[in-house]
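So, here's a batch of structures to check.
Each of the two complexes below includes subunit A, the first together with subunit B, the second together with subunit C.
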Partner chain A sequence: MTENVLDIQDLEVSFKSDGKEVKVVNGISFSIGAGETVGVVGESGCGKSVTSLSIMRLIPSPPGRISGGKILYKGENLLDKKERDMRKIRGNDISMIFQEPMTSLNPVFTIGRQIDEVLLLHKNMNRTQARRKSIEMLELVGIPRAEQIYDSHPFELSGGMRQRVMIAIGLACEPQLLIADEPTTALDVTIQAQILDLMRGLKNKTNTAIMFITHDLGVVAEMCDKVVVMYSGEIVEQADVDTLFNDPKHPYTVGLLGSLPKVEEKQDRLFSIKGQVPPPGTVEKGCRFAGRCSHVMPRCTEEDPPLLKLKDGHDARCWLYDDQFKGKEAGARDTAAAGRKEP
Partner chain B sequence: MTQPLLDVKNLKIHFPQRKGVIKKRTTYVKAVDGISFTVNEGETLGLVGESGCGKSTTGRGITRLVPVTDGEVRYEGTDIASLSKSELREQRKNMQMVFQDPYASLNPRLTVEDILAEPLKAHGVKSRKERRERIEKMMDVVGLNRKFISRYAHEFSGGQRQRIGIARALILNPKLIIADEPVAALDVSIQAQILNLLKDLQEEFGLAYLFISHDLSVVRHLCDQTAVMYLGRMAEVGNTDKIFENPLHPYTQTLLSAIPISNPRQQKERIILQGDVPSPVDPPKGCAFVGRCPKAHDRCHSDRPELQKMGEDHYVACHLYDQN
Partner chain C sequence: MLQFVLRRLIGMVPILFIITIISFLFVHLTPGDPIRIMYGAEIDQETYQTLYEREGFHDPLPVQYGRYMVDMLVHGDFGQSYRTRADVSEEVVRRFGYTAVLTILSMFWAILIGVSVGIISATKRNSIWDRAGMVSTITALSIPEFWFGLMLMQIFAVQLGWFPTSGSGTIWHLLLPSITLGFGVAATIVRFTRSSVLEVMREDYVRTARAKGQKERVVIWSHVLRNALIPVVTMAGLQFGFLIGGAVVVEQVFAWPGLGSYLIDSILSRDYPVIQALILLFSLQFLIINLLVDISYGFLNPQIRYD
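Let's look at the complex of A and B:
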């Protein structure tokens, strides 16, 4: 078996608020293989961005704290590393693209200087070599007139161009793992299509593993091999992309897919999940989705469901799929899976 | 034929920009450059386009939150642009706006009651008791718990805040709601709740919506008519089903092909555009889309295309469909 690039095991992250420690990521585990793209989806506050920041060890501390688990990068636990060693990894082995291309570039430095920075730091290049490599990177991400853009400042570029520059910085050191946190959310659809096209092309060329964090299920369907669905700090379902979209099991995933308006067909009414995400730390026992779930059973509010293995590579955190309940709850389960088609 | 509720003809909104050392040279940002459309009673028109295409400015121009440079905006026959201040105030009862950012569009120092009472006070509902009654009723309508009446806006989640925003717009019983990206800042599951609410309210009160959005799937879901804007101009207007099933303008085709489909088994050929939207200060002379259009020919560089009828309820501004 090939070794995974990233292996997250039982990761827990807590934040202190009002003197109380609240777990915002509660024991999640997943892995990313070489050249694989894994989508992490969920709504605001589900812990997807906190997870990505934990991998980079960028959780502001205090108030945040990684309170348990392991993050294995090529077999080594990143949580045991010294800050000095982490700095060698960031931007070199693992790099990150952020959501806001407007705010994540430094406005007072030229584009060139910001790409050079990573190369000078990690690759022992001199200025001339760095410049050559930077311009090459700009060309790679499809920026016209790369030599001129090298000397421009971020404000002179459009949003799509800035996001390309971010990708160029992210890929400059040829990382093994790229974490893309909502890289296209702030962009228009036609520009989004350009950027996704670019990322797909680069992935095929460089075989980089990508962790793709997004709330847009359409983007996931298009880009990812595997999908992890998060809800309130936990993984509620994970599967390969085809299974997740065509045979979703967890009522939350089913609801999420059903609540998307579709451009291909006209629907009369959208399926909507009632209520809203509970604030972290408010659900004391039982399933965190129980309050909004249309298939809730007495057991759901009593016992926290484990992540159940449904078949190879498909897990769901839901009592509906517990073996002991099989005969009894089969009816409820069928309706859950059919929920997408309900009006 | 019945008169449309809102009739916009050749609307132009230009913003002057003074340049040069002594600020003498004036250039104009042509945010909206001659667009026409109508909204009928009880109907929804979706105004779509990318950032900077002028869709929000159009919405603001109609309510005269920004000055109109040229053209007509008729609401039930009266020209909004020619109204005096007091007449305009009266007229605004009939058309209300819902804004994109539910965090920024509600005053954090006011309670729900204060927020919803403001439009009532401004339009002369003097009795406190009556105001309270109407506010409570409106809270029921938009699905807010009456108990929350004295809470502050910051105590609510995004979806609930948007409900407050909708309640504020509805409380004067308008006929037309101009909704500027009302669901863009919301999570998918909350977005579905708000879209369903908007649909229910439309049925209940016979509202007309001018629904401004960049999200085509939302427009498809909600709107009867769709107008696609590009760089301050109309690219294609017509019946929503017709536009989505048979897009004629190359820009509409690109826009539709760019939407990621939430099914890995239905992936399609994508048209990837080159370049970005040009600046509205100095738009191309001919068709606004010419620089990025895969099908551009000579005429597109020199002549500006006008909307032409391509069938029942379907208009397009593109030289590809010229008869001669």
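Let's look at the complex of A and C:
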């Protein structure tokens, strides 16, 4: 097993709203090995982006607050770092690209200046060296006429091009970890494919670990080694990508996979999980998914299920897989498996 | 760029033309007889008639207007003051410098105080500094200028004796009037800067800058401010027009020999040529400031092209 680049342990993040504190990330733990791509999947509002911003320590505070746990980067807890030391890590060891390429670049500065900035901050370069490296980065992310684009402003570029620029900024300092927060969500499908190809190519070239946040399981299947499925601030299932797609355990994962359109079957309606993610802080006891789960048992609304270890590297947070109940609830489990459409 | 400026300058011609008509009518249709005001009611009918005809008041208004325009455009002559017989243009040029220095210094205070307090209020939002700043701006906006000027004069000139009470001559004479004139605009700029900075701080590219590991100071002063100042510049430009109006009051309070006090004296004595010239000049200033604001956009916002 390679050394982990990132090790998140029992991370809790709270936001204050109307005077009371609500936990939006509730004790999540996972790790990312060197060069590994980990997908973090879940519906909007499940705490994916908050988790990624917590790693960068960029949670807007107040109202946000990291209220517990550890974030170990190469064995050092980022939560203990001084702001000054944290700044040396941001953009250099860990960098981030965002969902909205249209608004993520500063409209009044040239593209070149915005790539140079990160190099000048971390790499001890002078302006000439930074310029050369920036143009090199623009070429690396497949931008034609790099020298000319270097002096352009963001408004002269399309969304796909801007996301390439963001990737260039993210990778300029050769980080150990790149956090990609839904980098393709805002793009056209054809551009999405190009950007994913680019990221995959660069990952093979640079061996950067990637934390890939998305709600698109298709993207996960294409990009990731491991998948973490989040629901309402908790991890409900994690496994390597093959296991998750072939043998999903948690009813939520099953539902997510079921809601993917399939080419070989003609479907009039797409399957969807009924209901919505409960707002943080509204579920007082029991499983947070119980209200939407088709296999809900009396126990589910009473006791919060722990993350159960099913086999090495595959965990699910569901009472269906509790050993003590295995015999009793075996029937229910079979229904769970049968309810799932073939992947 | 040059073409843009030329086009805008040409565009000013019809506007100024309309302003001459309005100011001419405004002045001539206002009740009050300049000759009676100047020489008193007791001059005899014959003298009155001579003076009346000398100023050309017996002609119909369109003829008088035509004469005014021909004198101005063909001979570059803005007429003579009824009161002093001095050439209006000479007097205006002499006083213009005083008003220019006063308004520019006021604007300097307004921008200096306005932008810095605005940034502090925005970055330390809801702190004691922010609250204090907001209360002060409300207060500043509510106080009339003449009263604020008199209070400053009372405290710093009369009681403490740090500055001269009124008049001109040294840099110290300029300080109280410029602060009086600038404080209202400063308050407006504080509020504008604050809300603009707060808005820009929520932008995604600010988060990007932080994610690069940039220092918070640089994030604010470079990434945020450059964007936040675009609307502030427009507003400050418009406030310049407000300053010209404010100068009229403040110059009167501090006996500052600029155009503002000149305008008040001229209105009181129905000194038509002076009033008309000053209205035209103030309008021209306003147009030129607007043009300068538009040009400055190009430096602040790369998306703007002058074509």
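List of remarks:
Note that the second predicted complex is superposed on the first by the 334 of 343 C-alpha atoms of A that agree within 3 Å, B and C clash if a C-alpha of one lies under 4 Å from a C-alpha of the other, contacts with A are read in each partner's own complex, and residues count from 1 in each chain.
Following the convention adopted for this analysis, a contact is a pair of C-beta atoms (placed from the backbone, for glycine too) under 8 Å apart; a residue touches a chain by one contact, two chains touch by 3 or more.
Bear in mind the structure is a predicted one, so any value in this text is a computation, not a measurement.
In the superposed pair of complexes, A:255 makes contact with subunit B only, with no contact to subunit C.
Touch criterion met: A:158 reaches subunit B, while subunit C stays clear of it. Of the two partners subunit B and subunit C, more residues of subunit A are touched by B.
In the superposition on chain A, contact is made by A:192 with subunit B only, not with subunit C.
Of the two partner chains placed by superposition, only subunit B is touched by A:218; subunit C is not. Once the two complexes are overlaid on the shared chain, A:322 sits clear of subunit B and of subunit C alike. Once chain A of one complex is fitted onto chain A of the other, the partner contacts of A:98 are limited to subunit C, with no touch recorded for subunit B. For the contact definition in use here, the subunit B contact set and the subunit C contact set of subunit A share no residue. Against subunit A, the residues of subunit B that register as touching in their complex are 50-51, 157-160, 187-193, 195-196, 199, 214, 216-218, 220-222, 240-241, 244, 254-267, 270, 272-273, 276-277. Residues 43-44, 158-161, 188-194, 196-197, 215-222, 241-242, 245-246, 255-264, 266-267, 269-274, 276-277 of subunit A are the ones that touch subunit B when the two sit in their complex.
Interface residues of subunit C, counted against subunit A in their complex, comprise 203-205, 207-215, 223, 226-227, 300-303. Contact residues on subunit A toward subunit C in their complex (touch as defined above): 56, 58, 87-92, 95-96, 98, 100, 103-110, 117-118, 121-122, 153, 155, 166, 169.
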